[in-house]
Each structure stands twice: as C-alpha cells, then as structure tokens.
Amino acid sequence: MSALILLSVLGVVLMFMGLRGMRDKLLPVAVAGLLGALALLVAGRGLEWPVLTDGMMRFDGYALGFSRALVVFTLLLFLFAIDYYSKVRENVAEILALMIFALVGAVVMAGYTNLLVLFLAVEVMSIPLYILAGGKRDSLRSGEASIKYFLQGSFASGFFLLGIALVYGSCASFDLATVQAHAAAAGADDRLFLLGLFFTISGLAFKVAAVPFHFWSPDVYEGSPTLITAYMNTVVKTAAFAAFYRLIEHMQLPFAVHAMLLLMTACTLLLGNLVALRQTHFKRLLAYSAIAHTGFLMLALLSPGPRTPDVLYYYLVTYALATVGLFIVLTITKRASRGDEHIRTFRGMFRTAPWVAIVTMLLLLSLAGIPLTAGFLAKYRVFMLSLEAGYLWTTGLAVLMALVGIYYYVIVIREAFTPQPDALPLRVSTVNWVLISLCGIAVVLFAVMPQWLAL
Amino acid sequence: MTALLLLLIPFVTATLLMVLRPTERARGIALGSTLASLAVALVLWAGFPGGTVTDLHTAWLPSIALDFSLGHDGIGLLMLLLTSVAFPFIIGAGYGERLRHPSLVNALLLYTQCFLYGVFLAQNVVLFYIFYELSLIPVFFLLLYWGGEHRRSITVRFFIYTLLGGMALLFGIVYCLVQPGMDGSMDALGRLQLPVGTQTWLFWALFLAFAIKLPIFPFHGWQPDTYTVAPMQGVMVLAAVMLKMGLYGVVKVVLPAVPDGALYWQRTVIVLSLVGAVYAAIIALRQHDLRRLIAYSSMSHVGVMCAGLFAWNHFGLTGALFQALAHAVLVLAMLYITGALKERTGTSGMGAMGGLKLRMPRLAVLFMLVVMNGISLPLFQSFVGEWLVFNGLWEVDRWLTFMAVTTIVLGAIYMLYAYQRVMLGPDKWQLEVHDAGLRDHLVLVPLIAITLVLGAYPGPILELVDGPALTLLSLFP
Amino acid sequence: MQLLFYILAAISVISAVAVVSSRSPMNSVIALVVCFLSIAGHYVLLNAQFLAMVHIIVYTGAIMVLFLFVIMLLNLNRAAEPMKTLGTRVVAVLAGGLLFVTLLAALRHGIEARAANAYDPTVGLVKSVGMSLYTEFLLPFEVSSVLFLSAVVGVVLLAGKERPWTPPTMEPTETEGARGE
Amino acid sequence: MVNTGVLAPLVPLLPLLGAVVIGALRRRMGAVQAGALATAMIGAGFAISLVLFAGFDTAAGGTTVRLLDWMAVTGMDIPLALRVDALSLTMMLIVTGVGTLIHLYSIGYMHDDPRAATFFSNLNLFTFCMLVLVMGSNFLVTFVGWEGVGLCSYLLIGFWYTRPDYNYAARKAFVMNRIGDVGMVLAMVLLFHLFGTLEYAAIMDKAAGMRWNDPLLVTATLLLVLGATGKSAQVPLFTWLPDAMAGPTPVSALIHAATMVTAGIFLVVRGSVLFELAPFTQEVIVWVGTATALLAASIGLLQNDIKKVLAYSTVSQLGYMFVALGTGAYGAAMFHVTTHAFFKALLFLGAGSVIHALGGEQDIRKMGGLKGKVRTTYLTFLAGTAAISGLPLLSGFFSKDLIMAHAFQHGPEVFVLLLIGALFTAFYMFRLLFLVFFGTYRGEAEPHESPITMTLPLVVLAVLSVVGGVLNLPHLFGGNEALKHYLGTAAAGIANEELVLSAATEIALMAVTLVLVALTIVLAHARFVKRTTLEGDPAAMPPLKRLVAERWRIDELYARLFERPYAWLSRTLHRIGEERVVVPLMNGVGTVAIRTGQALRKLQTGNASFHLLAMAAGIIIFLLITLLTDPR
Amino acid sequence: MENVITAIRVVPLEHYVYLSFLLFCIGVAGVVFRRNTIIILMCIELMFNSVNLLLAAFSAHHSDPRGQVFVFFIMLVAAAEVTVGLAILVMMKRYANSVDVNQLNTLKW
C-alpha cells in the first residue's frame, strides 16, 4: 500500500515538475521514485493498511510478485525513455506522470479482492493509456490509435460493467471470495451468474487482447509511440493477466464458460499467429505476436493448479523482457532509417552492430520459444500445465501455432543476419545498449535459472 | 566428468573463436579442439564398462522434470564416437572450401558439435530436447550466411520444417512427462506403459520430428534443396551427424516410450521407409548435381536404416545402429569428394564434369573406393549394417526384405552412373585441375580405412550396440 | 405504481432510440438528457434517492453540458455524418436485437437471485450509502482521485495548448506494410 | 602335415598384397615390373595351393580356418573364415593355375599400355576376390568374393575408361550381376533363418533333417539360382557377358571364361545338398541351362567379332554346366568347369594373340590365312577349338559327353536340344577357326607372332586342353572318375551322383554326337574354306537369320523393357513425386497458413466502426456458444 | 413515501433487468450503427447508464447499499472517461477535421 501511495505521489510530483519546467530532473526523480517503490515492495514494508485495504486488496505473494514485476518493467521503460525523449522537451512530464498513474492502476489490478476495485483499477490503468496512445501530438496515426483504443476500450468497459452488475445481482456482493464461493455453490445453475461471468471475462479478455476482442491491439500498437507500445505490451498485459487469473484462480468455472474460454484461446492462437505471418511492419508484427502470446498465456490461465501463477509470472516477465528489448532495437533502427518501422530496416544489422544483432536474435528466439532462452521454458511449462489439465487438442494447436510463430520470428532474425552492402549505420546510446544487453542476458539467464523468477 | 569435457571443449573453443576472431588460425584451432574431443571420446570408449554410465547428475529444475544429467550407454557412446570422428573431417573440409569469416564458421561448427554431444549424452528427456533443438541454430546460421543461391528461403524452410517435427516432439515429450511417475529421465520413458490407444497417436507426435530429420518419405522435401544450397561443411554436419540424431531419437525416445504405438505403426513406418529408400534410389539417377544425388542417396540409405530400427528385433536394431556409423563415414567421404571436385571445377553439377579420371587419377581411385562403400560391397562397412538389417526385416516380412534388397541394385545403378559421369569418359572439358593432394589424402584415406577396417572387423562397434539393443528389446511387450 | 414504472420505461426506451437514430447530435443530446432523467425517475422508484440526485447532477448537469459544449465548440451540429448503407444499419439493428434476444433467452427461466438481506427501506438513503462509501470503499474512493488526476493531465496533454496547425509528419505510408514478402 | 591355418589365408592374401602394392606404386612401375610382381604373387598362390593339395587329407573332409569375427551379434555368428576342402582346392588350383598363365600372358599383351600397372593391380585384386569366393567357409564369405569379382569385372571391363560404351558395358555387367545378387542376398537371409548359420559344413549337416521339397528350401535354392544366373550369365541375365568383351583380352579370358562365370556353378555345387532336396529347382536349372546353351550357341553362329563369338560360346558352355547341375551331375559340371577353364582360356588368349598380332583388329571378316603367320597361336587355337567341339579324347569330349549322358538320363528332349547346341558349337568354332586362320588374309595390318610370355601360356593351356580329360576319365575309358570322387569328399551332392546308363547307350550317344559333329565340321569347311562366305549387313538377311545375327534383339528388348522404362520412371517420379507431391506437401502447409493469415488479416480493416461491430458480433457469437454449451 | 417503497415490491426485478438489457442493447446498436464519434460516446454513456439502472435495481432487491456505491463509482469513471473522450475528440477534429470514425483508417491489416 505504501508503495502505491508513493507511486501516486510520484505521479503528482512529476506533474508539478512538468508545470515548473524542470524537464531535466524528471527522469532521475521518476527512476528514484520507482526504485523507492520497488524497495518498499521488496522489503514488504507497509503492504496492507487495514483501513483502506480490508476487503478491497490483498498484497499476498501473488500480488507482490506481479507488482514488483510491473514496477521493474516501468523502470526499464523509464530508462529507455531517457534516450527516447532525449530530444523532446514538451509534455514529457505529463506522459511520465500518466505512465505512473497507469502503473498505480496496474498494481491495484494485481492485488484486488473486490470487483469494484478491479473495475476501478482497470479504468485507472486504461484512461491514461487512451491518452498516452495519442501522446504524439502531431502524429495523425497516434491520434487514430488513441481514438480507436478509446472507443473500443469504453465499449468493452460497458460489457465489463454489465458483467459485474449481473454477478452482483446473482450473489449480492462484489467481494471476490464471495463470488468465487458462489461459483462453486450455485455457478452451474445460475444463468444470471453465468451471464455475468461471461461479460466480466469478456471485459478482461479485451484487456489481454484475446480474439474476438483483439481488434484494437494491432492498430493501437502500431500507431502509438514506441515507448507506449512497449508499456502496453509489458505493464498492461501483465497486469491484465494478473487480474484475470486472480478472478478465476479459485473459481470453479461453469462448464460453458470454460469451454468458451478454451475456444477463445484456440481462436486467439490461430489468429494471432497466422496473421502475424504476413506482417512486415515490425510493430504490427509484435502486436499480432502479442495476440499469439495471449493465446499461450490463456492456455496456462485455464489450467488451474498450484504452479499456474508461477508459470504465468515466468511467462509474462520473460515475454516482457524480450519485447522491451525489441522495442528498443526498433527505435534504434527506426532512427537510422528515418522513421521506417519495417523489418527490412533490420537487414545488415549483424554487420553494423553485431552485438545488437545477437541480442535481437536472443530476444526473438525467446519469443519464438527456442531452447536455452526463457521463452522456451515458458512455453514448455505452459504446455506441461495444459497437458496436465488434459487439454489435448488445444495444446496440440498451441504447439502447432508455436511453430508458426517461430516462422515469423525467424524471418526477422534472417533479416538481421542477411548481409546488406549499404546497411544503415546504427547509433546505440549507452543506456539503450545497457538495456538491450540486460534484456538479452536476462532471457538466457532466466532460462538457465528459472527458479530466480518464481513468485 | 569426462563427458562434461566433451561439452566444454567445443563450447569454450567456439566462444573463444567468436570473441577473438583469429582469421588465419581459426581452422587450426578448431581442428585441434575436435581432435581433443576425439581423444576424450576414445578415452570414454576405452573405459566403457558396458551398461549405462552416468557421468554427471545435477538436479536442475526437478519441478519441471529437468535435470542436468549426462550419461551414455553403448548406443550413446557409438553416437559420441561418430560425432567425434566426423567433426575433425568436417573441420578439415574447411581447408578446401574457404568460406569468409573462418572464425565464425568454425565457431558455429563447434557449437553444433557441442550441442550434438549434448543430445547424445543427455539422460533427461527435456535436456535431450533442448540440445536437440539447439543443434539446429548454428546450422541455421551456417546455411543463412554461407549458403548458395536462394539460401534465404531454403534456410527458413528447412528450419521451419525441421521444427515442425521438433514441436510435435515437444508436445509428445511433455505429454509423457505429465504422466504419473515420470521423473524426466530417459530410463523412465521405458517404464511409462501408456494405454495402447494413446500410444497410437502419441507415436506420431514423437516420431514426426525424427521422421523429418532423417528424413523418411514423404517428409524429405527439405533435404535436396538444403543439401544443394548449404555450404559443404553444413551439409556434412547435417548428413553425417544430425541425421543420426533421428535414429538415436527413435531408439532412445520413440521405441521406449511408445512400444505399442511403434508396433501398431510398424508396418506403416517400414513401408514408408522402404518406399522412400527405393523411391530415392530411383530418383537419384536423374540428378545432375552431386549434392542432390547425395541427398537422395542418403535418403535411400536412411530408409533402410529406419526400416531396420522398426523391424524391432535384434538384427534390425544392431544393423541400423551400425549402419548409422557407416553412413556417416560414407557421406562424409562423398561430400568431401564433392567439395574437392567443386573446388577444382567450380561446380558440383555433373554436367560440367566427365573424364576427370584422366586429370585426377588418384582422386578417381579414392572416389571409387568410396563408391564401393556406397554400393555396400562386402568387406566395406555399409554391408555389415545392411546385412543385419535385411536379416532383421526378414523376421517381419519377406516382401519387405525383398524391397530393401532391391536398393542394392538401384544403388549400384545411380552410384556407378554418377561415377561414370564424373570420372570416366573422354576428357570433355579439358579442365586444368590438379590431382588429389596431401589434404585430400589426409581426409579420405582415414575415412576409407575406417570403412574397410570396420567392414572386415565390425566387432568393436557391434559389441557396443549389442547389449543396449537387447535391453531395448526387453521393453517389448 | 407499476404504471409509473412502465411509463418511465417507455420514456427511457423511446428517448434511447431517439439518441441512436436522430441525425443531429444536438437532438441526440436532448434525447439523452430525457433518457437520463427517466432513469433518475427509476432510481427514485427504487428508493435510491441519493443516487437519483447524484445522477442528475453528474450526468444531466455535468456530462451532458460537456457534450453540448463540445458540440457547440466544434460546431458539430450539422448532420454532417453520411448515413451508413442500409446493410450496415440492418446489421447494427440485428446486432443489438440479437444481443437482446440472446440475453432474454438466457434468462427465460426467470431470475433466481434470492434477496441477500431482509428488506431495509433505508438502504438508498445518503447515510447508508455514505457509510458504505467512506468505510468499506475508502480505497476505491482514493484510487478514483488518481483517475481524475490522470483525466486532468490527459486533457491538458491532448487538447491543451492550441498550436498552429502543422500537417502530420511524413511517416512512411502503410501500403508498404501490407505487402508480404 | 602342412599347416593349413597359416597357408590357406596366404593364398588369397598374396594377390591382395600384390594388388595393394602395385596399386599404390602404379605410377612408378612399368608393365614388366608390375606384371612380374603380380605373376609372382599369384604363382606363389598356386604353389601354396599345390602344397595344400598335396597335404590334403580327403578322409578329413575339410578344414575351416577362422580369421576374424565378422557378423557377430547375439544370435548371429558369421565369421570371416576360409575352408579348405576338395572343392575349394580344385577351384583354387584352377584359379591360381590358369590365373598364373593369364598373368604371364598379360605381361606381353599389356606391354605397351601405360596403365599396365593398374591393370595388374586389378587383375591381382580379381584373383584375390575369386579365391575368397571359392575358399569362403560360409555363404557370406563367398558373397564377399562374389561381389568382389563383380566389382573387378566392372573395373576391368571399363579399363579403357575414356570410351563411354565400355563404361556402359561395365555398368551393365555390374548391375546385372547385382540383380542376381538380390537373389543371393535373399537366399542367404532365408538360409540363415532356416539353419541359424551360413557355414557350409553346418548346413550340410543340418540339411539332412530337412523335408524333401520344403517350400522354403525351394525358395532359397531358386534365389540362389537367380544369383548364379547373374554371375554365370544364364538366361535371362546373360547379355552382359558378350558386352563385357570390351575389356582387355586377358581379362576376358580370366574373368569371363576361366573363373568368374563359373562362380555360379561353384555356388550350386557348394549348396548341392540343398539342391538335392529341391527337385523343382533342379528342373528349373536344367531348362535355364538348356535355353542358355541353345540361345547363346545360335547367336554365336553369326557373330563377326572374334571375342564375341567366344563370349557366346562361353555362355553356351555355361548352359551345359547348368544342365549338368540340374540333372544332379555336380561332378560332371565341375569337370566341365575345369576343362572349360583350360580350353576357353586358351581360346581367349589365342584370340588375344591374334588381335595382338593384327594390332587390335577384332573383326574376323578382316582376318584370314593367319595359320602361316602366327604358327604357335594357330596350333594352340586349333587344339582349343577341337577340345570345345568335343573331338574325341580331348578334354572337352569327356566333360561334355558326361553332361550329355546325364542329360539323356534326365530326359531325351534335353539331350536332343543339347546335341543341337553342340552342333552349333562345332559349327561356329570351326567357322571361326577357318575364317581366321584359313583362306587369304583380308586385313591391312602386318601380322606378327606374339612374344614368348604370350605363347608359353598358350602352349601350356593347349596341352592341358588336350589331356585334361584324364582328370575324370570315365570307367568306359578305363578311368575311375577321379575328380568326381575327390570332390565327393567335399560336397555330399557329388557323392550321390551316379550314371546308370548302360555302356552301350553311352557309346551310342557318343557315336551319334560324334558323327553329327564331324558332319558339321565338314559343312563348316565347305562354307568357309572352300568358298569363304562372309556375313554382310544383317539388314539384308532373311528375317530369321537377321534376328539371330542381331542376337535375337534381346539387348533391344531389355532396353525397351527395363532401361528406358526405368529412366522414364526416374524422371517421372522426380517430376510428379517430388515436384507435385512431396514439395507441395511441405510447402502446402505453409501456404495454407499464410493464405489463411492473409485472409484473416483482412478482418483488420482499420475501420473503427467495423471493429466495434466485429467486437459486438464476437461477443454475441461467444455468448451464444456459451449458452448453447451450458448444460442447463 | 410508502407508495414508493411498495413500488419496489410491485415491479418485479425481471422487468428492471429486461429494461436495462433493452437500453444496453440500444446503446450497443448505436455504437455499432453510428459513425459520429460524439454520438458513439453518448451511446456508450447509455450503456453505462443501463448498467447503473441494473445495479440500482439489484441493490434494491438485495437491500444492499454496495450496489449503489458501485453506481456512484461508475458515474465517476463515466465522467472521467467522457472528459478524456471529448478531449480526444477535440484533438481528432483538430487534426483530421472530422468526427467520423471511419475517416481514420490509416492503421489497418
């Protein structure tokens, strides 16, 4: 809780610093604040304030682990922002403040125990993002991303609310435990509850961009500023999954909802991977691949067991690390090619910047799930979970789709390692170099020592 | 701990090569490393007491059935020896085909070697899988960077197609691992005893990877193109060693885990293998590129080996495993000669050759000796394996044996035709080429010596596989 | 009493349809105001006086005014929107209708939610809602402050300083992206 | 007592050593050095064989010398082992004896060839393989030699490798042999599963327990026959042998006359126990042999290439041996093998001498009247011709008549057919003799007599051809069939054979044969000496004659039936199998995925309204699915 | 007052639920149907309000104030969302000179 308050205050402070025009001190302060929050989370100080949190939130190990991860992601992205915003002076404070506010929402999402809090947290996280997506003020595409995100997000919120309302109608409570107990007691017979659960889950499925609620994600990913795309792909996704799993963790899902979710998983896997096959725009490729990874994560989500949170956590963290690194690489090539975001700009990278190319390869291999990268272990554990749960066909599909996934990642690797005589000279700032190296090493390190990434 | 050395020597050398990039001495260093590995492997062989030797066992991630446990039995040792023997020659071939960035090439080759050792040493299924997939990556880059025409699409196609099997294998392995009582060790696979219905479908999940890797008809689509495009050393790795991973996988994973499934599909697989063997042998006749010819010939040989494995009896198993070594030696020599010819004529297309014996009598003799092994004349290594396989197949079905035996005719047809097109006939092109030199002799003579020695006295190798094969058969319901 | 409910319901539905179907945004806003007022009536019927008040203040008072304001500001009152084709309209009505029918069908066996508590007429009063809000739901209340803060910052960021019109930066066209390899 | 364990391996190993040494030093060795070394090696082998022969105790039956473990896995123990018994000793003596002579001859014949050393290396290698073949103690070791001689014949036929047609002939020979080998391999596999061993001695013991006419045994023997057909150039796998005349003449003599082609005969004799139990197979052998004998002899009538005539004659004679095998007359077959080795080697070497004399000319239409110019060659060639035609008291007379007698005993129709074959033989052999040595010289090159290294072997062989009959002199002529009894100690089948014809019948048969042969010779004399008739272009001949002159068009038939369809199959399989099935199968999955992706991609229209609609539609669809799957 | 109180008992819960559903679906149809962004925003508000009504009805049914508290929060969120939405709208109008959602389709496929 203290971390949450620290973060909120940090956001306000950043805002005021922006008003005061203290542009140069913004990032140091923000990083310091985040480190402070992380320290509080790690130390476990003031986790729960009974007056505030009783019945609303609980900072159990699950919430704590995810909160730490979320803060770390934000921290990495802020470090990335040092370079990303090095030439920009206007509105940086607002953008950073909004990111912090969204982080507050995300942290709450990881620890809620009440549907009301969940709804509020989702909105607290989403509303800043609607704005951030349009953060590039003079870019039409950024604006388009913003409005698409907003419209679809609000629309989905409507369904989400309907769902919570129906659940409330059925069990007269917003309390997660009560709802879960109700699911076990009367879930199968209660149509009202069934509908409520369906719509609630739809709302969350929108946040994780599962088919058919994925339409926003490619457009928004592509149009948003890269930093924000990375933010969505890491913090938002992680928080959404944390919340999602928290909702159904102890819930005995009605058979129909369960079947629907499996179908949704299958569709997500199919669509995300197959469409990504034809993408040449790197951000869009990552957007579709994000949908694809949503599919794998949902497969894990649907396989309840003592290890599921661990697997989810591991998957999300390693996935986020890989994508952060790749987004940084993207900005590097984008700059060198004056705004081109297609994978063709990767060509010749091995010649001009071998280390970047190798790290890119590691990150992509991790996303693809090739052994000795964390991505492999993540997928492996997901498959293990889902087969333990007995989803033979869905797992089979997932495995097949993992293969499709390998194809489009490998295409990118191929580009990076194809010699190009007039390859663009890449300039890599020190911070970015350190960051991508960190990501690259991390995905290998966590593959060898996955126990370091346990909840 | 000696086994760990096998992993470490190539790995460390490769990393050093990557970092230090010594252009001139890269080949020499790599060669030294592979020879050191060979020495280690020979030490392992000398000290091999039989049974299964556990070299190293470290709990790594017991929660997901992943242990770092290394070991070997006779079959594993055979594969280790095969790898160790093959790699010095593969590196040596690099002196002929001088690729750019020799340090990188050799580093990639050594990484491959390391991962291959891993595959053959792994005593944990997941570890096996990890190494199995990893071994593909250096080869991918080798093809991508140093391949010939159309390498970009062909490389990716090869990679994806191989991984199609890999993913199926992953699925199958995970399915096995979530069964109660599985601790992830290779031995435990043999104790699974899944229901027959499950085994029938699980078989394909496990087998597909190896079927593609080997490759078995009709999963061989990737092979001819890849062999044509890849740099010679890459093809050598693929054909001589990586292909054997397929056989090893069948023996170590498929047969123990799903014996009933294997039995259920036995006919299908044998028929596919043999149809492929005959089919490839027929097609090989019309190939105009030596490498494509080798691709089909390799497929033809592999078809017989795979049929031997699935004969699921002692002769078939030992024959197929012996043949694995024989085939490695054969294909190394064939490819080396192709490389030597390409070095001299600038192509591996047979249309641009002919009458070369006039110019290169020594190479012609060496080639002839290799061809003799290729058409499995007795007293050459290939014959031993094939004879055993034929005997194994006989116990399954006589007509299948007949099919397998026809390959000795078809093999002779295309092999001799190829030899004629390359070496014999009038000196059409008047190429100014030099005859086989010291390097060529250093590579080819030992290879031929191995085939002859083991062809006349296969005892030491057969001894290695005899015991494990019996153990494997005892799993048979 | 029941009659009152049905009258209000009819008003709500008719005005809601008007919101959707009217061509001028201004008419939509007015219809929406009517709709919200009828909903406030429902709240009164449901004995939720506090809610009714807040509803009127927030929605009719603030939100709708905001809408009007923006419409005036941007001069959107023309019915500039090209109507969609018949097909789209049919699809849209079908979508809404189908959803409704599905929802009704789902509940065709009636609603079995048993009342959780004994009837208490004071539930909807300010005191009871306030107690709940400031004790049990203190955290969300605090968190909503962050929500508003971010909304404020967002508005500043998006629509803040009016700057001279600059054409969008030249970014690579998307046609490239559509092409496969 | 001689130490068989040491000496026996030396016999094949010495030629092997010679082959390796000469091969390795082939560029530093001249024809004479290489030839001398090669001859010395094989001569030493002959000497050792003689020692072994002398020290061989027939009562012991035979000695097995185990050299190495070979196919040694649980359940199978097939060693590399040699067996010294009467049969192998006989063959060893023939191989090394005739081989020595041919080697010696080659020194002269190959004198001018720059690749003489390679030739001698190959020749030595061949001898090694042949010795392994005859000395192998089990089928598989025999198979080593079996394949080895096939390979060597490939190498030697294609010796002049710049000629594509020679290479073709070489390949054809090898592939045809290989077709036979399929049968051989299958037979060995079958026998192994039948008996659990491939050792001749053990099989001989175990076969006693087999049922008569056991279908498996019949199959195995038929497969062995298939192998033998390939190696011994029987119908239908005989076409390679005439084409194999592309090689240097000594090779033709060694491989295609004296030794290699008799391997099939040898194999059947080795397995005689099995064949005795499979009468169906024996019947097949008889008819295959008869057909071969007749067919080849008929073709021989109209051939103009001196070596081709001899080649068809070889095929024909092999047919006789086959008939002998089929009738159970293994001793007779072996006897004919021996005598045939003498006179056919003699004839080939003589032909070689003629060719050598004429500077490479092989067409008999361009020869004639050579008897004065190459006197030794003429005389020896005459001896060979007389022997093969079966003129009385020459070696061929005894061996062939023995076969004919057995054939008569088997069935008069076989006898009649063989008799026709014998007449054909006499006719074409004398036609050859007359056309080459009589009349007037029709060529251009200046003929000269060959050097002593070439004529010496001719003389030795001529002597042997003349007196070879004493080896197995029948009772009728006061002999005791020594060879047969000697061989009987090695192969049980031989011991069983017995001619039960009365002496009168035997004499009658001989008389008929002799009279007819004499008449044939007179006819030949009339046609080719008094009035030299030369065969012209086959196209101008009457149909049947043309068919015979064109070798019954069997080559064309085979080309049409097998070679061309096979090439077509190869092309078609590649075009259809690879390009239409396998590659599309592999790419198809990917293409389907990419197409689907492309289609799904169109869903993302970028139109916000559409996205909202799609979301709503998605919700409705999933809601419906949920409700429909809900059990209630 | 009494009359009002009894009304809750008189009108069955189902009717409130159906009414909210109907309003919700009209809102959904509107969102799908209209292209004018500002009207889409209004339709979304309509959806929110139908949920509010539903919650209020349930709250009354269960005699539980928490449902009404939720409504209160929904209003807050709706207010914030409308603010942001209108700001985005203004921005859109400024750059694209239109409020037609379908004018924005540079991002696709």
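So that you can tell them apart, the chains are marked A, B, C, D and E in the order they are listed, and the count of residues begins at 1 in each.
Please note the rule applied: contacts are C-beta pairs under 8 Å (C-beta built on N, C-alpha and C of every residue); 3 or more make two chains touch, one makes a residue touch a chain.
Because the structure is a prediction, the values reported are computed rather than measured.
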**Asked** Which other chains touch chain A while also touching chain B?
**Response** D
**Prompt:** Which chain pair is joined by more contacting C-beta pairs, A-D or A-E?
**Reply:** A-E
**Fill in**
Nearest to the mean of all protein Cα atoms is the Cα centre of chain B
**Prompt:** How many Å are there between the centre of chain D and the centre of chain E, using C-alpha atoms for each centre?
**Reply:** 97
**Prompt:** Between chain B and chain E, what is the gap in Å from one C-alpha centre to the other?
**Reply:** 66
**Message:** I'd like the Å distance between the centres of chain C and chain E, where a centre is the mean of that chain's Cα atoms.
**Reply:** 3
**Prompt:** What positions in chain D touch 2 or more of the other chains?
**Reply:** 590, 594, 598, 601, 604, 606, 608-609, 612-613, 616-617, 619, 623, 627, 632
**Message:** Give the residues of chain E touching no fewer than two other chains, as numbers and ranges.
**Reply:** 17, 24, 27-28, 31-32, 35, 40-41, 57-58, 61-62, 64, 66, 69, 73, 77, 80-81, 84, 87-89, 91, 95, 101, 104-109
**Asked** Which residues belonging to chain A are in contact with no fewer than two other chains?
**Response** 116, 120, 123, 127, 130-131, 134, 137, 140-141, 146-148, 151, 155, 169, 172-173, 189, 191, 194-195, 218-219, 278, 284, 407, 411
**Each pair of chains that touches, named by its two labels** = A-B, A-C, A-D, A-E, B-D, C-D, C-E, D-E
**Complete:** Touching chain A in the complex, chain C uses residues 103, 106-107, 109, 111-113, 115-117, 136-140, 142-144, 146-147, 149-151, 153-154, 156-158, 163, 166, 168-172, 174, 176-177, 179-181
**Fill in**
In the complex, chain A touches chain E at residues 116, 119-120, 123, 127, 130-131, 134, 137, 140-141, 143-148, 150-151, 154-155, 157-158, 161-162, 164-166, 168-169, 172-174, 218-219, 222-223, 284
**Of chain B, residues touching chain A in the complex** = 61, 63-64, 126, 129-131, 133-134, 137, 140-141, 144-145, 152, 155-156, 159-160, 163-164, 166-168, 170-171, 174-175, 177-178
**Fill in**
Listed in rising order, chain C residues that touch chain E in their complex are 1-2, 4-5, 9, 12-13, 16-17, 19-20, 25, 28-29, 32, 35-36, 39, 42-48, 50-51, 54-55, 58-59, 62-63, 66-67, 70-71, 73-74, 76, 80-82, 84, 88-89, 91-93, 95-97, 99-100, 103-104, 107, 110-111, 113, 115-121, 123-124, 128-129, 131-133, 136-137, 140, 144, 147-148, 150-151, 154-155, 158-159, 165, 168, 174, 177-178
**Request:** Can you check the complex and tell me which residues of chain A touch chain B?
**Result:** 307, 365, 370-372, 376-377, 380-381, 383-384, 387-388, 392, 395-396, 399-400, 402-403, 406-407, 410-411, 414, 417-419, 450-451
